[in-house]
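Note that chain A is present in both complexes that follow, paired respectively with chain B and with chain C.
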Partner chain A sequence: MNGLWPDDWSWQLDGWIILAGVLCALSSALVGNFLVLRKLSLLGDAISHAVLPGLAIAFLVTASRSSWPMFLGAVIAGLVTAGATQWIRSAGKVDEGASLGVVFTCLFALGLVLIVQAADRVDLDPGCVLYGAIETTPLDQVSWLGWRMPRVVWVLGTVLLVNVLVLGVLYKEFQLSSFDPSMSTALGISAHGMHSLLMVLVAVTAVASFESVGNILVVAMLVVPPAAAQLISDRLGRVIAWSLILAAFSAVLGHWLATVVPRAMGYRAVSTSAMIAVAAGLLFCVCFLVGPRQGVLSRWWQRRAAAAEMLAEDVVGWLYRREEKLAAADKASREAGAGPEELASGLGVALGPLRRNLKRLVRRGTLQNVAGRYQLTAAGREEGQRVVRAHRLWEQYLVEQAEVPLSRIHEHAERFEHVTTARMREALAEQTDGTERDPHGSRIPPEH
Partner chain B sequence: MTFNACPLLEAASLFKQGWSPEWFCSWLGLPDELWRVLSLRDYNTRVVVFGTALLGAAAGVIGSFALLRKRALLGDALSHAMLPGIAVAYLISVLLGQEGKSLPLLLLGATLSGLLGTCCVLGIRQWTKLKEDAALSIVLSVFFGAGVALLGIVQQTTRGHAAGLESFIFGKASALAVEDAWVIFGGGLCCVLLVILFFKEWKLLCFDETFAASSGWPVLGLDWLMMLLIVLISVIGLQAVGLVLMIALLVIPPAAARFWTDQLRTMVWLAGALGCVSSFGGAIVSALLPRLPSGAMIVLFAGAMFLLSFLLGTRRGILFQAWQSWRLQQRVQRQHLLRAMFELSELQAAGAASSVGQPAPVSRERLQGMRSWSKRQLATEINRAVTAGLVIPLSSDQLRLTAAGQQMASKLVHQHRLWELYLITHAEQAPSKVDRDADQMEHVLTPEMIARLERLLNASQQGGSVPSSPHPILPPPETERIGGEQA
Partner chain C sequence: MTSSRSQNELPLSVYDLTVAYQRKPVLWDVGFEVPPGSLVGVVGPNGAGKSTLLKAVLELLPKVSGQIRFFGGSYAENRHRVGYVPQRESVDWDFPIDALDVVTMGLYRQIGWFRRVNRAHRDRAMAALEQVGIADLAHRQISQLSGGQQQRTFLARALVQGADLYLMDEPFAAVDAATELAVLAVLREMKAAGKTAMVIHHDLQTVPHYFDYVLLLNMRVVAFGPTSEVFTTENLQKTYGGRLTLLEEATHAMRERGRQR
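This part shows the complex of A and B:
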């Protein structure tokens, strides 16, 4: 093994496996976006159980295990699942999840009974019919226009092409009917029809994928990449694009995880489909943590940064007020600044975070450190003036215009001062008729 | 240890000795086999039937709360999420030098992994904009994938005969052991006790979470306890009866019970009973007939219960609802006829001084013009009213209200005009517009509302006397009416 790419990977084997995984992931993620939007995420799981009776009946009717009747039976069973769920939900006012649960468990049980009943005629192993393995992809080859390629790749490629074409042509219609079904129906695009069409796409995609690459993969791919993509963007077009990128990447990553990691630990390779699901889960975790707007870590970081910024403004404002109080003193003692302890007790904050903040302000050029005392620089004085001006303008405004009692204006102004832009200060000054003094009698410094 | 400790069984055996049911069965022409199964004489059947029935009851009870919290499929996600825990527990026990199939360790692994899955579902719900279904689905597929991958490694361990682990996925209800039955018994009892203990709190949580939080209840803790119970019952059930049956027992009986009642207490016990009955029935049928897997039969029994409830349930069943709306339709039709007749005869009485006490007869032809009803509708309605003794046909054309009909009709017209007056005086609607609105309200006014209207509108309207109509009674010519509707 050299580097990340193992030596014994060959494009004849692993290349086809990865390609099958990517095709399955792409076609599932594409339709999955709309499933997640319609709160039908669990449909994939439900269909993967509910196809059993379809397979059993197709088998009993045709008495053969040829793939077309089986495929048709499974797709019909999938559509029955979706239709019956919808019907029970609307006619009986049953919760979405519960109606799905009722339908798929019953269908699965029915399929099991049928298969056990038929067992004496010929051996029909549900596992064998239902769950293909992605590892066997390169073994079953077909020839098409002179190209030899695995049958799975051909099937999944066709499915992907159909999905892309249908969703591409009817993109606007799907978008509208997903977000606002009644509006879409009013505009002449039957929301019900679009829903049914989507269900057909999902059933075909799911069944084609179960048969060729196993059910875990498609259940994961229908939901995980679209959900992760929703954490990255809010626009449907971008969500779809991101979900496709994540899906394809998790297919590649999954095969790598399945072959390389167990070998590094001294085991043989494990199921690629399962590891693709795990890889998608890992990518979801990454988006969950560091997604730009929704990510947990990124939001925590943003809050921290905002808190630090507010503390910095408080420090600068406090130093500015101190200079104001000592207006009568000579310039040296007026601009002598304050030590960290004095600042901490003055602002009522902990010393540790304050020290870090002070260092940041020095780096930024707002403060200068002279023998352990922090003094305002010219730029810092300007900023302090802005903060104090905003604070006092707000106090004046709150008393004059909003009739807030005098005892409460300080706390409000303390919060508002951090979010007040130059234009807001201008507007406030206008609203307070350019008053020179705030309600406490302090001078409102001019705009710098 | 035998299962004879169960008092129910002792009672059954007493019953058996006194009545000689074998004779009874053969007298009825039923095969001995049937009685042998029904009397639970087979040790194996007895364990399976009682184990699954208990499980069904416990799952139904706790599943009701999951359903009302809109988490019906939490059991689905959790049972899948337990797989990696089981595999890891197996690997650890192999590393510790044990045979690997120590049940407590596997159950512990399953529970921990299920709880981790629950954490993930809650976390995704809490910190992202994703919905419940997406969260469940993500946890389900990713954990299951991890579990399958880990099972692949388990199968490679030198001592790993992982055959036993298969039953965690597919279940082995028909081969339930006594130990399993006792575990189910303990777990089920624990669930039911906790449900009794926390009934009020969970009820509040199910119906008004915000209010519960604002009243100072530890909402998060209660929620967690509920999910812990779901995890517990799933762990127990998973190793006993398998994944799909467990999901079915958690989802189907509560969903079926919902069709029969609006009371949470009734619903919980009904769901328990339905779960119990369908498990019992499924297990018995699978013991009676060859080649019917017990797990699947239990699900199908539960499904049949659901279908029955879906159709016939007395609160939400669709046939029941259809019947109710049909009855309402009938009532509305009859009330329309009675009011039309009353108003017509009132008009005629005003025109010509007729005998006091008897309403004036009206003709079918004029009745036809009162409403937009077809000739056939009107004829059917008149026939029904004649049968009910509310209307007397005087000739082929003339009709008259009977005393009973007159009484009903005057009450209706009273209600209709009260509403009209109310609209005119209190809602400031034009007299020409109020008829249509009152036409719909008159059928649904309750006695309390009528009393309030009477009080509101002043004393002169009281005592059941019919106020005079605030607008001309005869419908305006057809063309004008259509114009009015469009405006």
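This part shows the complex of A and C:
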């Protein structure tokens, strides 16, 4: 074992397996974006299961395992699923999930029955259907324009090319018909037609990936990378780009996890297809936790930062008011500041977080620590003045303009003062006729 | 020549339109002729078939019978002259696009199949956003817009279409006062430019101020004509009061029979 790769690693073999995985992941994730956006994620699942009876029937009818009839049969079965689901839902008032469940489990079971029936005549293996045989990718080679490559790579590469071309050329039509089907149809871009085209792409992708990489991988790749990408970005172009990056990365990571990790731990290598799906799941978890838009951790972090910022403003506001109260005293005692305990009880907050906040304010140059007492610097005094000005302007505005009772204005102003920009302060001053006193009679300090 | 002809032809005429949802009729023998350059308010109780009327006219729903003419021709021939503003709730506002993207969609027909959106298209969309007063929000993801701003986005999308007839499904529903005024201003500009709009509206108080024609609808046309003549207490009672009980009874009976079969 040298570094990341095991001794028997061969780019000749493993490289082709990874490439097959990447091609399948990319084609599935690309069309999957529009399934997820249309809230039809499970339709991909249904279609990729329902191709099984199509394969079986095509085999029983033609009695051959040649590719084209099998391919056609499977694609038709996929489209029947999509059509039947929609029909059951609209005609029978059955909800989307239930009609999907009915159609695809029935068809999948039918497929299994048919395959067992044909089993003595064919090497269609029900197990192979689920997790495929991506490991055998390099064995079956074809020659194309003088290049020798595995057949699977050729097939999946073609499918990816078709998906890229169709979605690239009809990008805006797919976008509109997914977002607003009735507007789309009214404009002459039939939402129904676009939906059917998407179903064809999903079915073709599922069938092409079916025997090589198995059904679990397609189902996962149709849904997981697009769903994860939507946690990262909220612009369609970038969502699609991210879904492709995540899909390709899961394929590489999955094969590595399947071959290297188990052996390093003394087990035998596991199925690459299944591991790629697991890798996609892991990447989704990462996005779920740290995605900048919806990530749980990012949101927690943002809330924490916002709370700290509010506490900091409360501190400088409190210190500014203290100086106001001691206006008559000499400069030294007026600007003497306060110790952490005094601040904590004055603001009604816990001492621990407050201490951290005070240290941050010292680093920022808002406060200075003189013998354990925190005092406003010149910059801190300006900030305090802004906070207090905003607070009192709000109180005046709430009483004068919004007719909020006097007893309630403080708590509202307390929240609003933290989000008040210079422009808003200006507007507030204007709308309260430039008054210099708030409803409690305190002076509203001027804008600094 | 063309313009004088288009001045005189009816933007929309509907004759004997009947629409049914799963055999349950929702519109009965609906007929009216919208005069050019008018603002038509469509008014009626919930379930009166107002949205259904717009959708059926635009061929988004199948009709049982009836004839619909746009500018004297079929819808397919005159698609480019017709703009549709669906109900705000009809789309998923979490969709990953910004306000400018939504407005640009109004140009997709002019851009044509397979072609890409270019700078000039985006500039036109931007101008429409400016017209409805939210150009500064062009690059916000649409779920971050308020209800009123979302409605203005839809309105801007209709504006860039440059249609001659607009069908709007409740553009005034649940919007703030400023948006209400903005929508109204746009409607009046349209009228001044000789365009026609047919608007589903809920607020009876404002109907006489906003619309010069009114269509009172409750599964059938209760009354249609100039607002000053048609918008009377008597007609409103007919529309909202007596809920055509016999008709409903027959409808119910038909549905029951359908079930027993």
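Points worth noting:
Throughout what follows, the second predicted complex is superposed on the first by the 424 of 448 C-alpha atoms of A that agree within 3 Å, B and C clash if a C-alpha of one lies under 4 Å from a C-alpha of the other, contacts with A are read in each partner's own complex, and residues count from 1 in each chain.
The rule is simple: a contact is a pair of C-beta atoms (placed from the backbone, for glycine too) under 8 Å apart; a residue touches a chain by one contact, two chains touch by 3 or more.
What you see is a predicted model; the values in this text were computed from it and never measured.
After superposition onto chain A, the modelled positions of chain B and chain C overlap sterically. With both structures placed on the common chain, the touch criterion links A:230 to chain B and to chain C. In the superposed model, A:267 lies in contact with chain B only, and not with chain C.
Using the contact criterion defined above for the overlaid structures, shared-chain residue A:379 touches neither chain B nor chain C, since it reaches no partner. When chain B and chain C are set side by side, the one touching more residues of chain A is B. Touch criterion not met for A:329: it reaches neither chain B nor chain C. In the superposition on chain A, A:96 contacts chain B only, with no contact to chain C. Look at A:179: by the touch rule set out above, it reaches chain C but stays clear of chain B. In the superposed model, A:305 makes contact with neither chain B nor chain C. The superposed model shows chain C running into chain B at a single listed stretch; among 131-139, 203-211 or 239-247 it is 239-247. Annotation: chain A residues 39, 230 touch chain B in one complex and chain C in the other. Within the complex formed with chain A, the residues of chain B that make contact are 67, 70-73, 76, 124, 127-134, 136-138, 140-150, 152-153, 156, 244-245, 247-248, 250-252, 254-255, 258-259, 291-293, 295-300, 302-303, 306, 310, 316-318. Taken in their complex, chain A has these residues touching chain C: 37, 39, 169-173, 175-176, 178-180, 182-183, 185-189, 230, 233-236, 238-239.
Residues 55, 58-60, 76, 79, 82, 84, 86, 90-92, 95-98, 101-102, 105, 108-109, 111, 113-114, 116-117, 141, 143, 157 of chain C are the ones that touch chain A when the two sit in their complex.
Residues of chain A touching chain B in their complex: 36, 39-42, 44-45, 49, 88, 91-102, 105-106, 108-110, 112-113, 116-117, 119-120, 216, 219-220, 222-224, 227, 230-231, 258, 262, 267-268, 270-271, 273-278, 280-281, 284, 288, 294, 296.
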